[in-house]
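In what follows, structures are represented as structure tokens.
Shared between the two complexes below is chain A, which has chain B as its partner in the first and chain C in the second.
Showing the complex of A and B:
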């Protein structure tokens, strides 16, 4: 599959790769179901053993039963979609919006020019935010070219390095898994392997 | 405790209340302030506008409950833009929840279309639904649609969908529109569709994720991007289709200005404190 990205391959190889990718979609869908089953078992255990915060697990169980029940009837059922419109959407939006409050309060307390490094971060952050708010470019016109320069050059360069680093790291990890040097995903911990 | 120390240690609930007022006021009492268009948004709009009539685009709907309020209005405008131009759309989602929000956006856009605009399900657009497998799922879909899914979101068998007649891989698409929200999945579209098939791509992400994708824009692999609620508002403005994002962008103005004022004040108070030698 890696070679297919770089070189033209015979149809038999391409066909095999397509089949393998189809397998991945099936395995991923099954993994999603396994995740739900294990999460439910974990919550059921929390309730039966009355562990700390066990009553939250009851909410999980009720929510799961209602959602799965309505979903099994039909995912296009009005009641099922009502859950998305009137519960999931406002809750998700509210949770995401809360970060604005925490960030603003934290910025007032922590975002200070305590030294040169912090000053650079402060000025850059200020310019980029001023560029991003719709009226910023009208109130402070120089922030637009300056902010776009920050975004297109230093930020791009940093992220490009990060992308390359994580890609190489992922490939390295893949090779380690293939040759059996990385076993953590199988539940084998490093210290245990040392003992073995 | 001096007044400066008191101000530096102000109760965070006061900051929360001030921010709440700054965000709520422009939504409850709409105020329109001037707005300029960002370079990335203009680039994404120009690219979308250049997609030829009659062509087919593939559209990933990746907005969830948390990100729909900021990206949803822009996604609606993108669908409206394509359908009014006579561009046909093949939708899919790589998230189960995102799948539903994609349907919401399609329905909202269909409700806004001018009378007589061709927008028949299966002919002018089709929603393939949830495709499992993340990036591998995307790779599978665009290399062999029929091997990956057998029916669309509404249960219609793929072979009974007129729009997909003769379409089985990404080579039939003229563009990729990737409304990934905060999924961070835009590179899936670049790696699995855009680069291997030579198809240009644009889309949307949340504001905080825009810098992650700037390397792709400067490399020419991504044709601009609509960032967050401002990107949605700019798309509404450029399409002359006012919607909820323009109102929310005004709230962003007030919230952002308050943030800037607080940071300036915090630093001024901090320097006064240091000058006085206070702890």
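Showing the complex of A and C:
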């Protein structure tokens, strides 16, 4: 696959690489079953030990039975699809949207000028936020070029440095995998120095 | 037909130099010349966080977010997080802290469970290891409410957020901060580094995660790999300086990227 990135390859090699990528997707999907088993054990324990909020675990059990039952009938089953479209998908979106609220409270935690580092963060954060909101540029016109400058130069420079570092780290990992010194991706732990 | 795909010749050269440097330092390490790694503050932070959990009688959590080991960009930070997990689990077992590791990917779960079990066994505390409770597999999606709810009900007093972090970074770290947990955060996912740095009490950024993993594992392969990667950084610095000077002097350097 590395050679395919740099050098022109015959179609047979490209086709083989596509097949190999499909294998990884299938194997990953099979691991989901393990998750269901462990989550069910956890909730069964909560119910049997009558832990705080144990009744919520009953909802899990009922939901699991209904969804798995309908899914086993057919993944194209109308009721199964209804559960996915009207319950699973909106719940996922709602959970994802929690991020917005947590970002707000995290911003409050961060944007306090406790020392000069935090003060710099506060000022630059304010300028960039003011630039991004529609009314910011009208009320404070200088924030627009200043905010653009922050994003284009100091911010980009910092991020590119980090990206270079992490890319080199990934290359290092690749070398270790190729020479057989890193086998975690195969489910094998090579280094066991932590346990002597 | 050209020998190399257009625009990728520079990449081949860089790849050969960097891989050569990594292999050279590995060879040096195996012959006894280990590169020296700077001790990061985070190493002491791990002891402090676990110690605090023991004093308060509350659990320490070790979270890794995305652990999809079939994606190269996620595999690298996940492997580093595993190395740090091994060290952290040993300290937790030694000091008698309650320890919890939720994992959202099957393969990563089996490895994490293996690592933590070994750590407890090595410390002679295998009875404290709960095969169903210390390391738990939570399907991605179900993990968010489980973790938030249990973070509050168990009043977690120490939390580690290491590995490849995405949008959950801000959700989990903010909850940990609200519940009063002392936390260490570290990721190489650039768009989430600011959240971990801002919210966590201690943080490591970018490839410091790999360095911490190599430092606590004491593994010559990983340590040598870091030294080889530094050659790549020096190479990038030289190219950036030369490119900046040429561009400032009015020379067009865009042509070399189309080779």
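Brief remarks on what is shown
Throughout what follows, the second predicted complex is superposed on the first by the 99 of 196 C-alpha atoms of A that agree within 3 Å, B and C clash if a C-alpha of one lies under 4 Å from a C-alpha of the other, contacts with A are read in each partner's own complex, and residues count from 1 in each chain.
Definition applied: contacts are C-beta pairs under 8 Å (C-beta built on N, C-alpha and C of every residue); 3 or more make two chains touch, one makes a residue touch a chain.
In this text the structure is predicted, and so the values were computed from the model without any measurement.
Of the two partner chains placed by superposition, only chain B is touched by A:84; chain C is not. Looking at the shared chain after the overlay, A:137 reaches chain B, while chain C stays out of its contact range. Of the two partner chains placed around the shared chain by superposition, chain C is the only one that A:39 touches, whereas chain B remains out of contact. Judged by the touch definition given at the top, the superposed model places A:92 against both chain B and chain C.
Contacts of A:5 after superposition: both chain B and chain C are touched.
After overlaying the two complexes on the shared chain, residue contacts for A:16 are found with neither chain B nor chain C.
Contacts of A:54 after superposition: neither chain B nor chain C is touched. Put simply, chain A uses residues 5, 24-25, 27-28, 32, 92, 95-96, 103, 105, 109, 159, 163 to touch chain B in one complex and chain C in the other.
Against chain C, the residues of chain A that register as touching in their complex are 5-8, 24-25, 27-28, 30-32, 34-36, 38-39, 41-42, 45, 52-53, 92, 95-96, 98-99, 102-103, 105-106, 109-110, 121, 159, 161-166, 168-176, 179, 181-182, 184-185, 187, 189, 191-196. Within the complex formed with chain A, the chain B residues making contact are 8, 10, 12, 15-16, 19-20, 23, 33-36, 38-39, 64-69, 96-97, 100-101, 104, 131-134, 136-137, 139-140, 143-144, 147-148, 154, 187, 196, 207, 210-212, 214-215, 217-218, 227, 230, 233, 249-250, 252-253, 255-260, 262-263, 265-267, 270-271. Listed in rising order, the residues of chain C touching chain A in the complex are 1-5, 8, 11-12, 15, 18-19, 22-23, 26, 68-70, 72-73, 75-80, 82-83, 86-87, 90, 104-107, 109-111, 114-115, 118-119, 121-122, 132-133, 136-139, 141-142, 144-146, 149, 153, 167, 170-171, 173-175, 177-178, 188, 190, 193, 195, 198-199, 205-207, 210, 217-219, 221-222, 225-226, 228-229, 232-233, 236. In the complex of the two chains, the chain A residues touching chain B come out as 5, 14, 17-19, 21-22, 24-29, 32, 75-76, 81, 84-85, 88-89, 91-93, 95-96, 100-101, 103-105, 107-109, 111-114, 122, 126, 129-138, 144, 148, 151-152, 155-157, 159-160, 163.
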